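Below you'll find a set of structures to go through.
Each of the two complexes below includes subunit A, the first together with subunit B, the second together with subunit C.
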Partner chain A sequence: MSGNPRKWWKANKGRMQQKHVPSHTPLEKNIARNEEILRTLYTNCSDVVFRSFLIFGTTPALIIYIDGLANIEEMDARVLAPLMQGRGNTEWRTEDFLQKVIPISKWQEICSLEECVESIASGYPVLLIDQQEKAISIGLAKWEKRNVEEPVAEGVVRGPREGFTESITVNTSLLRRLIKTPALKMERREIGGYTKTCIIVTYIEGLVEPSLVTEVNSRLSRIEIDGILESGYIEELIEDQPSSPFPQILSTERPDVVCGNLLEGRIAILVDGTPFVLIAPTTLFSLLQSSEDYYQRSLASTAIRWLRYFFTAMSFVLPSLYVALITYHHEMVPTSLLISMASSREAVPFPALVEAMIMEVTFEALREAGVRLPKQVGAAVNIVGALVIGQAAVQAGLVSAPMVIVVAITGIASFMIPHYIAGISIRLLRFPMMLLAGTLGLLGIMLGVIMAVVHLCSLRSLGVPYLSPVGPLRVQELKDTLVRAPWWMMDTRPKLLGEANPHRQAPGMKPGPSNGGDAT
Partner chain B sequence: MLEKGKITATQSGMILYPIIMSTAMIAGPSLMMKHAMQDMWITPIWASCSGFLALFIAKQLNQRYVNMTIIEQSQQIAGTFWGKGIGFFYVLLFLQINGFIVREYAEFIALFLNGTPLSIVSSALVLVSAFAVRGGVEVIARSAQIFFPFFVVPFLIMILLILKDLEPQNILPILDNGLLPTIRAAVIPQGWFSEVFLLSFLLPYMSDRTNAKKAGVVTILACLVTMIVSNLITLFVFGDVTMTLLFPIMDMARYISVADFFENLESGVMAVWVVGAFVKVTLFYYVTVLGTAQWLNLSNFRPIVLPVGWLTILFCFWGIPDFSTVGEINSFAIPFLLMIFFVFIPGSLLLLSTLTEKRNRTKGVDTG
Partner chain C sequence: MKVKCLWISICCLLVAGCWDRTEVNDLAIITAASVDKAKNEEITLSVQIFLPRALGGGAGGAGGTGGGQGKLTTMRNSNGPNIADAISKLQAKIPRQIFWGHCKVYIFGEEIAKQGLADHIDFLVRHPEPRNRAYLYISKGEGLDTLDITPSLERSTAESLREYADLHIGMAVTLVDFRNMLRGESEAAAIPIIENGKKLQKPEDIQVKAVMVGTAILKRDKMIGSLTLHETRGLLWLRNEMNKAAISVQLNGVEGIVSVNPIRTKTKLIPHLENGKWSMLVHVDTEGDVVENGTRLNLMKPELLALVQNAVRADIEARMRMTLKVLQQELQTDVVNFAAAFHREYPKEWEKAKGQWEKIFPQIEIHTQINVNIRRPGLISVPAGVPQEEIKNDE
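This part shows the complex of A and B:
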């Protein structure tokens, strides 16, 4: 491959995307010819089954399916049995079979080889009948899939325990069960030359700003890729600012989170093969909100939100603050605290910056090892990690005890962010912050914070400012950002881009005791 | 148009407040006390007049020439040749003033980071500002909005913490020397207030221009109150000594000691001041860049952001050998430069445009 990659792609696009399947070849009347073409297509595909038989003992027919994707028992009972044992007219056309003999509800007529291959690959067996121009795709797909389970990455104490699965049909049904209006639209498309992954864009008509849907669809149609294996591919391909460390699209495993966002006028993108559903547009504050905030009492949720904001800030600046205080600004620390800190640092051979770097990197390594390792080994990592970085390192005088405390608090703080992915980006940013603190002290930290805020201010997610409703300020919407107002106060929807249907509920729903109940 | 972003009147107020206050908070009290003695708390009232005047002029010019900054307005009013000339001096002034602000900030920061060269301190801030300027007016406005509470709340906390050390009798005798010294002391702070004229560069991008006047007046009043309060507080704490202090507010922070834990808060003052300086430098920087781009009829201002930043760093060293010169420039050159460029020249342009308009109208009547 040489020269301009864009030119090369244009010239070879067809070859890359559809290597073997001829496009728009109509089926032939002669079944033997059709079988020959399909058999050559599926050479060396041991999982594809060709089953020929005679309809009513006379007309040759062929069923093609992929072993493990089709419901064989049902097919035997509902398709093969009536066709082989029943009686009928040899003059019948395709529709007649479906109307009179085959008792199945989901089917589709197929006219081309291309559709044939697509149907077989999706798990739907294809029935070819001799002397007919149309084949039938029988809706008897069935494959092994995971049950609906509690999501692992987003736990709640109170709230629904359902999580999405890898099957997109299950996922859409989970959404449809929560939002029953026909205004819930699901636009289907396929992306990926080889994988042909099913992508569904879903939104509630009347709540979503129409321009957002157009924008999402146009960004999705730009994608030309060989395969989509996870929604992360889509996320990176439709972001506004790809070089930013902050995720501009929310991903979640929870149907209730998706529905809550749909009701706020956002768009969800479901991808087949992954339990992670994308939600856009997203703001920084939605990354810091958990679905449980809306199920708990509002006062508790508000307090927890503030705790979360505080610790998010801590996970960003705490290690660098410690480095700056130890290195440059002794006078800011109260004397008694300074003395105890200095005495514990006495034996440490490294400057504070190096010490902090070592410890933070070790922490990240332990975290990553804990995620990746099999559960049985995970416990061992935990013990070794706790002993090594917790105790032995301090006793050996390699690091100081306050440093260990700082690292531990930072680690825990970053895990308080309800969306694991967002936690990683903030944790990443604390390393440049530590460098700044180690070189310019408090000034460095301030400049780093300013830089981060400026960057966040310039970010947009699908055109919606990332820091809204704080910058630009929308006082109305602070009710769901600074606090979590009780539901009877949440009268208006967040204003994302337009103002499609701004009212969420009837005003003045504040509950109270019925009047005069006490007097009687 | 060069700038496609939109801001609100409230946001512009939140930009202007730290612009006026970040300088005033640091050196204000001692500079004003030099002339007005214990009556220095009256001085901001006189000084704020220039702010109101600048606001009025900026608003009037904008009403006549909508969607234009002073650089473009001057060409409309005085003709292309003279207009370009005026624009050139404006751009030069912005560069010079911004360089000076960066220097002032760097000198202040250097108190905390002894050993770090001034060039590092100043270029670090200019770099961060360049980042914001590239984002355009929208990013500047949003970040100013987010930083606003971080600029105001610490000041309030500081007042709260120092309340027990106040000695209100320091204010006496009131107006011992008459009003004149307080007016004379207003020469320096009036320059800071006149910076409200920078609204000329924000008005064209305001989505709710009808609220601009209100936001401007509220901003000036807020600055006025803050200045009076900070003058009074320093007077109550330090009395006559204020005059000899370089950075009285910082010394006040050093003075605070609550429960043996909240001590030596001057690093906190520095942190807050970095935020204020960032907003101030960024706006002046943005105005320089936008003005230059408009002056040169460029189609995009982003390519000149870094070159202008480089010039700003140079201007912060050119002609300013040491800290005492900074003080001299601050009290002798800057107030007059600001007054000329932010009140006098725009005022004359406004007058010119009114006169020509009137003449054209009478001409029209004659011929018709």
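This part shows the complex of A and C:
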């Protein structure tokens, strides 16, 4: 496998994609021949069922399905029963007749072997009939899936409680139930040499900038990969700046979040097999917004947003500020506070930087363990964790009490970011910040903040500046960034890349006595 | 390329970093310092050092709540020709690095104040660590005794002295104020005096004796005399620094005392120069509340309130005149800074006269104009605890 990997890939592409089925092989007339080919394809596939039977006791036919993916009861009752028990004449060969006999709405005729395999894999049983060059894909797929439940990672107090599931059809139906216009488009494609994962790009025609859709589609079609198991694969493969710690594509499991973003002219990418839907383009501020912001009273939402901004900044700089103050800038701490800190640090054997690192890493470890570990032992870890970064560590003289407070506040603060995934990446940045603070003091923190801001300024998500609407400044859009304006003020849509349809609602909807009945 | 740059910068950071790192545990935090005269033209520099261990944090839960017993500070001193030299000798006696950043009180012994403070102040304002906002005091006797006192209310004497300054019962002079005073037109300065630390060693002494005992008056940087606490109040009125006081007055022909708290006071110096005659109009505007009424007068009556206002006016005037008499006749030092007022109003004449200011100052004629406004008679109207019929509604 030496040499240029790209060249190697091009040369061996066919082999690596594992196309067992030669493309566009038409079906043969002879059913025995078709069966032979399919049986060879599905050698050692115990879950594929071949059921041969005679239609009306005369014509051989074969039905192929995957056990567990097909609705067997329905198939027995609606396909096999009428075909096997009916009385035959020669007229049945017309397709019109078959459709009459088999009362099933999702019905597709297929002509190639490739389509056959695809249909079987999707759970649709395939009916092959002797002396016919067409097979019929019967829409009787049924497999076990999770119910629509409340999303675990994105809870709200007020707002819809349903979340996406692993089934893409359920997910699209959830979206369609919220946005009923035919302008809601869903472009389907398959990615993954082996998994053939169904990807749906959805947007609202007329609101979205058409070039954005083209861009997303072109980025998606670049992907050549074995399999897509989660939307995270797609996210990493279509990002603008792959090495950035900041996520440039939002992922959510809430249909209302997706719909809200679609209505603002964004694009959502649904991936089969995962409840996480991607939304692009994304800005830093949309990572800091929760769907509940739009359901609560605007005053409360504004206050909570500010709290979130503040604590996000805290989770970024608080430990480093503490380290810098306690190692370099003692004169900047109020005297009585310094005295308290000095006395609590008296017995601590480590420098502040090392102390902070130990505590922060421990906290991250506890958090990660808490996510991974089986629910039965959760309580044990909680207790141990509380001891490790709590009273016991202080009593043992390993860390100082103020450090525990700083770590605790940082931990809480980082969970204030509504999108957990985004929270992690922002939270990890505090480690280099602590190093900078430990080596250069406040100067280092300033350096780190400047680097972060410069980086954020240069980031783009599908061409939209990451810091918009603050940089570049669009005063109009601050109504949904600095504050959450009441709905009667949110007249315009964010501009994003263009102005496909700038107006969201009729102006002057502020309720009031002069505005009831005959509005001016 | 990018990666290489990143690695180089990371290495730069890690290789260069931390060289001037000082953990709080490696610091000897100085809370107060005193400078006293020693033998052979030397000075004694004493510092009060905070003992972090005594506060009881850190090791062991047992010490966690037990803070407060024993002293929280310790005192060290050493001699040297000047502060900088004394510090370097002091450092030899303290295992931790001396840190001046939280020293908020400097005390000078009476002797050294009489000799002149200029050299010592130079260190304090030149060195980057000492705070410009630290308070200055002159101690009767030697300053180092004060540093060794264990105050009962505050954690250290440094903290209690700082609190006294914040209360503004006497002068509160910071390093930067002192510098400005010395650089001002009158070249005179005032620094509060505290009681000799030797007399305050025992807890019972602390209970009875006042700590603030007056104000030292300095001409240039040398102490030439002092004002009593009573005279200091007059100085505060004159310098427009009065903000907490209780003025108790006895009304003519009335039994009992009325006390008034001025809430808002403003003093303006309006200079006047005519035919070589220098005079100064001290204009005081004050507003206040009645806080105690020991008389039988119903102060809700405007006529009776006017009586009180007149008495307060007379009292304020008497205080200012008493202080001015000491300043003009005995000390002949312009700490009120009339000089600046004249400089602003009559710059040309000032230029000619500034050489003889020391002769002019005692001669200045003082006029006063005092407006007293008592806005509120307090929460009650008529005197409390007095039968209704005994309350007088007129004179």
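Basically, the second predicted complex is superposed on the first by the 504 of 520 C-alpha atoms of A that agree within 3 Å, B and C clash if a C-alpha of one lies under 4 Å from a C-alpha of the other, contacts with A are read in each partner's own complex, and residues count from 1 in each chain.
We take it that contacts are C-beta pairs under 8 Å (C-beta built on N, C-alpha and C of every residue); 3 or more make two chains touch, one makes a residue touch a chain.
None of the values given here were measured: they were computed from a predicted structure.
**Student:** Is A:Pro319 contacted by the first partner subunit B, the second partner subunit C, both or neither?
**Tutor:** Neither: A:Pro319 stays clear of subunit B and subunit C.
**Student:** Quick one: classify A:Ser343 as touching subunit B (first), subunit C (second), both or neither.
**Tutor:** After superposing on A, A:Ser343 lies in contact with subunit C but is clear of subunit B.
**Student:** Does the superposition put A:Val454 against subunit B (first), subunit C (second), both, or neither?
**Tutor:** first
**Student:** Classify the contacts of A:Pro351 with the two partner chains as first (subunit B alone), second (subunit C alone), both, or neither.
**Tutor:** So A:Pro351 only meets subunit C here.
**Student:** First (subunit B), second (subunit C), both or neither: which does A:Pro247 touch?
**Tutor:** After superposition on chain A, A:Pro247 lies in contact with neither partner.
**Student:** Contact-wise, after the overlay, does A:Val470 reach subunit B, subunit C, both or neither (first, second, both, neither)?
**Tutor:** First partner only, subunit B.
**Student:** Classify the contacts of A:Glu331 with the two partner chains as first (subunit B alone), second (subunit C alone), both, or neither.
**Tutor:** both
**Student:** Determine, under the contact definition given at the top, whether A:Leu443 touches first (subunit B), second (subunit C), both, or neither.
**Tutor:** A:Leu443 sits against subunit B, while subunit C stays out of touch.
**Student:** List the residues of subunit A that touch subunit B in one complex and subunit C in the other.
**Tutor:** 328, 331, 440, 444.
**Student:** Give the list of subunit C residues in touch with subunit A in this complex.
**Tutor:** 13-14, 16-18, 20-25, 27, 29, 31, 50, 52-61, 67, 99, 101-102, 104, 129, 131, 155, 159
**Student:** Which positions of subunit A touch subunit B when the two form their complex?
**Tutor:** By the definition above, subunit A touches subunit B via 328-329, 331-332, 334, 440-447, 450-451, 453-455, 457-458, 465, 467, 470-473.
**Student:** Going by the contact rule at the top, pick out the subunit B residues touching subunit A in the complex.
**Tutor:** 8, 10-11, 109, 112-113, 116, 120-121, 124-125, 128, 131-132, 135, 138-139, 141-143, 145-147, 260-261, 263-268, 270-271, 274-275, 278
**Student:** How about subunit A: which of its residues touch subunit C in the complex?
**Tutor:** It comes out as residues 326-328, 330-331, 335-336, 338-348, 351-353, 391, 395, 397, 400-401, 435-436, 438-440, 444.
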